[in-house]
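Right, I'll just put the structure down here and ask away after.
Each chain gets a letter, A, B, C and D, in the order it is written, and its residues are counted from 1.
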Amino acid sequence: MFPYERVVRFHEVDPAGLLFFPHFLTYAHEAMERLFDPLEGGYSRLVTERRIGLPAVAVHSDFRAPLRYGDTAVVETSVSRLGNRSLTLRYAFVRASDRVLTAEVHHTVVTTDLAAMRSCPMPDDVRRVAEAHLESPVIAPS
Amino acid sequence: MFPYERVVRFHEVDPAGLLFFPHFLTYAHEAMERLFDPLEGGYSRLVTERRIGLPAVAVHSDFRAPLRYGDTAVVETSVSRLGNRSLTLRYAFVRASDRVLTAEVHHTVVTTDLAAMRSCPMPDDVRRVAEAHLESPVIAPS
Amino acid sequence: MFPYERVVRFHEVDPAGLLFFPHFLTYAHEAMERLFDPLEGGYSRLVTERRIGLPAVAVHSDFRAPLRYGDTAVVETSVSRLGNRSLTLRYAFVRASDRVLTAEVHHTVVTTDLAAMRSCPMPDDVRRVAEAHLESPVIAPS
Amino acid sequence: MFPYERVVRFHEVDPAGLLFFPHFLTYAHEAMERLFDPLEGGYSRLVTERRIGLPAVAVHSDFRAPLRYGDTAVVETSVSRLGNRSLTLRYAFVRASDRVLTAEVHHTVVTTDLAAMRSCPMPDDVRRVAEAHLESPVIAPS
């Protein structure tokens, strides 16, 4: 599990005083970017130089409690599924002050050749980082 | 069905040239705001004066094709479920140039007293607007 | 003068209920994008295919009155200066309900070859659009 | 001088690969929020409980070099002017990799009673924090 800590900012809450819900997904993407920091050059080089990206194909989110301006969220990030060309990330948004689970997001991405805009096999270094955060590592049969 | 037309803006695409996926939810929220324009004072008065909001409790999104800078999306909005204190909106994101379905979002919201931050019965005027866009209107039994 | 009408959206106001001030510049950029709609393929083709952009070199903004959620702004856009490789746009943000001037923004941009990231002569079609909105057209001497 | 370090995020760059210029102001506001962390409850309590805010009345920005996805900016923040009801913050955006000054922003804010939306005398604790970052502290005459 990879923890990403994030303060809710002034301009991210809505007139009801609550974190605007699409921003949960922005935080999730930020957590994924940080999770892939061990790649050489990080996620940014993956996208801008190697031209491989991880576009979302499905995102399922459940919201249980609000986050407000001034709250800190710990986005507990893990990989719940790891395929050949796709992976699913799971993000639990825990409010730092009281450890309440405020939201859970499941985010499925496909390794994609951005020039051709077609799926491609997952690069080895991407796989290694993902494996390090896999929830239930596959046990190789003896 | 309520169509909301939206041009993808310069700053809304990511370095891969694609609409950043959380913005699909921002567009969905904009479509919901417009759908509730028939309320007196619109969605803005509902939130800021009557202090009733529609926070999301679940959002499920599937992405099929990209939207890029310069594309126009028609966000076809309907109400797929209408309960006593909640409703589910469905948004089909259709690319205007070729009518390709690029994404589908299901968005469940709960009518909420924002002062108490507790669910409340759906106001009659909110219900009437929602009913006007209900996909399969309930047929009252004879 | 080119008018761009824009509703202040739910997620664009801050916890004080006011349009978050960087969004004035976002609206300004949107107005500029619309102003250049007469280019073939619009501003989006200029940037993504012809690889010419208009990065800002200076932005000066004065704020006089707030915009709030639900307000509509008319962004009255004009070109106050037109050079060989740069131009200055002026945006007056007029609140639609009472015609109050809420903000004024001066935005100087340089026509830039995005591949080389160097200034370049202003393309003729860009100049023609800009000239059509010039505040005090230059009178050619006889 | 108060340094605020900020990584340029994936979704903050435009199709030209450059940090979208309004985000410089968002970073500036973030730096100001962090600068006021020493207030009890921070800037968030100032706004949401004490109902005192610091709306901008003028923002002047000069841009000299781009920031790109993956860059880190150090936003060097100071107070260049401190009045009775207003102050001006200065932000120098230094690119961490090569110490190039990429942008400079001057941001004048007015201490404002958000309920009445009228300027108010600067609270003592706000003044103390601002003074600690004043560029040329006033020397009391002997």
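Assume a residue touches a chain if its C-beta (ideal position, glycine included) is under 8 Å from a C-beta of that chain, and two chains touch if they have at least 3 such contacts.
Source: prediction; values computed, not measured.
Taking each chain's centre as the mean of its C-alpha atoms, the one that lies farthest from the centre of chain D is B.
The pairing of chain A with chain B is characterised as same-residue: of all residue numbers used at this interface, over half are used by both copies. Computed centre separation for the pair chain A/chain B is 24 angstrom, with centres defined by C-alpha atoms. Here the CA centre of chain B is 35 Å from the CA centre of chain D.
Contact with two or more other chains is made by residues 10-11, 15, 17, 20, 22, 26, 29, 44, 47-48, 69 of chain D. Against chain C, the residues of chain A that register as touching in their complex are 10-11, 13-15, 17, 20, 22, 69.
Of all residues in chain C, only 9-11, 17, 26, 29-30, 33, 41-45, 47-48, 68-70 touch chain B in the complex they form. On chain C, the positions that touch chain D within their shared complex are 15-18, 20-23, 25-26, 29, 44, 47-48, 53, 55-64, 66, 114, 117.
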